[in-house]
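Have a look at this one before I ask anything.
Letters are used for the chains, namely A, B, C and D, taken in the order the chains are written, and counting of residues starts over at 1 for each.
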């Protein structure tokens, strides 16, 4: 979307459609903000929208939202860091979301947890140093019948073992090496 | 037979012992009521057995301290945490927010005047623990004497009570952090 | 929209269905979707098309069919056959053999006369697995929105509340507060503006009852909320749903749109003066937002930190206005009570816990999935009849209800009737409906640690006992589980558990100790087996301490030395 | 407003029905320990020190937010309450760095006084030694988060009285911490007016003035009463548990 701002000579109509920041993704965000009448009560909705549009919540983005909703900066920052769904850092190229719900736990998710952390040299909730893999821990993805479960790049993978989990991660790492 | 008393100096500044000496002439009275069987101010090399009361100054901050704490516990009827470092870690524990290696580097390399090096790998040099810890996290402790340092009056009161076979019930006057 | 219009819609839809040769229902709830039920659907559709049956046979996605461990599940409407583990090939065979040749595909056919199906009684889930979750027409054809029509056109708000009160319905979110009573309080509160909120922030790990209802029968919740809104005098409803349920969110959005289009939500519902709108509010990953005051905070775009009660939300809620908060399953019971009467509902279950309860059965059990049983059914029936017992070669050890706020129920209490009061007598709670079975391989100290890890992580940090206490409880459990704990540590643990329970601000902290206390109550030996005694004074045998030599030096400090010396 | 009677610790008292148990108790010199409460700010009921027993209920109620009711029988000093209070202080002591010997507010610290009041001889729970950030970027003040008890008085005074809302809480659970604006150095805060109210109301040595030495700084909280009275009890400010 940002690419629409390149090269062509600006006619007035196009300029009006463009966001002053030069990043038209903000227009999408503005739409959500306007829908909620710039109300501070809609902060969480707006953060959801912002994360959906930008992928993560950068400091400048939070400041933009605070101004638009007329909220104190620290309130916005406090809310963004309270909820685990919001991420203030870009996530890795791949994500491995391990379910740690009770059913998965009873069926051995803790072992997978340990092995994966060991293999990736990074803790759940973090991204590997090379920015390739983000490890995320979920409370319950609701596929308890398939326990233990992980959501691997958006796809639910059930009845996992430590070995089968590591295989998937190794595959990403190999791709990275060959690239 | 007089009660056997010991005082020990672990990871602290010895300010508590200085305060002990601040009891001044009362020390003479105390000497008549107890035997000081082990102390940094008495020339005894090994911790004796069957000690009635041991006052322990300082936090447990290296492996020698830790070993000593266990020896103290096994051989003392009453163990008293003597001063804030023993009670809560206090100044000795201020390093706990930092990594052990960083602390050593800061102390022995960055601030060294001559020959900067971290002393280790020698049998007589104790190994610093990852965290300095209050005494009661290492061994069970029977009484706690606060203050940095505890005042001579506090010490006098506590020791007198213990020598009478009573647990010192500290009034708020004697409950005094810092 | 009038009541007549509603009937007309229902008839039209029923006619449409009657004209079909058959309907193939596939489970489109998250569990089955994640094992590939969409691929199965496509295979079935393709097979139908190949045989030119696509107009005569309808393929539709429904809510949860229950047996989540054996998905994807497919059901044939005409004879009620249910198939398990239907992959693409099996889907094709069902069309070919069952539909065309009248021959059932034996290997995948589920015996629906087994207790898993026959022992259940479905009220909340009555439409799940039967109707198309994305079609309002099907919901209406199944009698949907009839209760709302009746309430709005024929009943006074007080009568509605009285009906709910007489039914004995209690809050299904866990605490079991009488629903009718709550509605009455909100009704009585004096205010121009009131709100009705649906708590769909189902956060217990291992619980997915609400999600299944929302995915399978979203209109049921909308109808229940609208009835509640009418009864208490609210014109605005909010559904607070967790972001982890994208499918449920999608279905709810669609359902709200459909209902608005037909005038079942909005202004002048059934041509009365009653206006009611529903908006979604999406949670953002905080378990504590299941607590009602934290939930209200979150709806207002704030950190989900609870506040002390009183005042209760029924008096001071959203934006300071009286607010009714009920759980998904509670709202799902409203329409059936209005339709069939409070006496019918009160006749199900036990006198104090009426109706049914949905449980998500998981863990070391053969039939994992979603079940609905009358209140008061013995735990044994749930686990051994419906659940089929623990997997081969293992033995039942405990059942955990109420998630991180609940407790473990050991084998000796298997005959306990499952109702609010009975569960409380053994230190557990009904909770929202997660039921996790543990077998002989489960280590109870580890189980307690698992739940404490959860509570520690989900603590909002507002009050001290929960913020710091849970950390220390976890630490003590960890010390003990590593075999480093002493009897003193166990005493400290118990004291702290009681203190956190007594002093925490909200339900999260107040119930955080339950898993520890209940495992301590029933499986204490698993803790004590790991303990050692704290170190203590070893007196010298010598009666004359003056003659005692130096104590054991650093070279010989194993503690027994001083006695052997003398 | 109606007058009602209630019993606190065996004393028959009369009070207005819009008063909290804490207000009534303090009017009658019945001591109830508090930490997050501060006259002039809204109450959040988070420190749990003022919990009291009310006859007829198993639960404990925070005196700062519980309103009096006719015939209430309240107990403020039972053994159970005292034990819980001691443990709350114990938990706080274990949570941060509360070493009095090297603190600017030593001998003038509310947490220290509370520790004496509840008779805390030592902390049985292991110290957590979090390494929290100290920020001395402000020209006049310092925030040492290691000494913070998260009472949120600073957050509330900044929002409710000063109207700047510099402070808020970030993260959750044990990771909670006080932040200024976008969690940036205090000295760079665009919203801070350097009024210093947060420093004065802070019960511990977490917020301190620069240039003070160990045991030198005394906090003053009385000023709040006057400001608040002057502003006619903050009628226009939304005090819905701001924090």
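As a working rule, a contact is a pair of C-beta atoms (placed from the backbone, for glycine too) under 8 Å apart; a residue touches a chain by one contact, two chains touch by 3 or more.
Keep in mind it's a predicted model, so treat the numbers as computed, not measured.
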Exercise for review: Determine the set of chains touching chain A that also touch chain B.
Suggested key: C, D
Review point. Counting contact pairs per chain pair, which pair wins?
Key: A-C
Check your understanding: Using CA atom averages as chain centres, what separation in Å is found between chain C and chain D?
Key -> 37
Point to revise | Centroid spacing, where centroids are CA-atom means, of chain B and chain C in whole angstrom | key: 55
Exercise for review: Specify, in ascending order, the residues of chain D that touch 2 or more different other chains.
Suggested key: 124, 126, 169, 171-172
Check your understanding: Among the residues of chain A, which are close enough to touch at least two other chains?
Key -> 75, 78, 82
Review point. Residues of chain B touching 2+ other chains?
Key: none
Point to revise | Every chain pair meeting the contact rule | key: A-C, A-D, B-C, B-D, C-D
Practice item. Spell out the residues on chain B that touch chain C in their complex, using ranges where they run on. Key: 1, 4, 45-50, 64, 67, 70-71, 73-77, 139-140
Practice item. Show which residues of chain D lie in contact with chain B when the two form their complex. Key: 93, 97, 99-103, 106-107, 112, 115-117, 119-124, 126-127, 129-131, 146, 215
Check your understanding: Hey, which residues of chain D end up touching chain A in the complex?
Key -> 159, 165-172, 179-183, 190-191
Exercise for review: Can you check the complex and tell me which residues of chain C touch chain B?
Suggested key: 488, 534-540, 542, 545-546, 548-554, 557, 559, 562
Point to revise | Residue ranges of chain D touching chain C (in the complex, touch as defined) | key: 44-48, 51, 60-62, 65-67, 80, 83-84, 87-88, 91-92, 94-95, 124-126, 128, 149-150, 169, 171-176, 240-241, 243
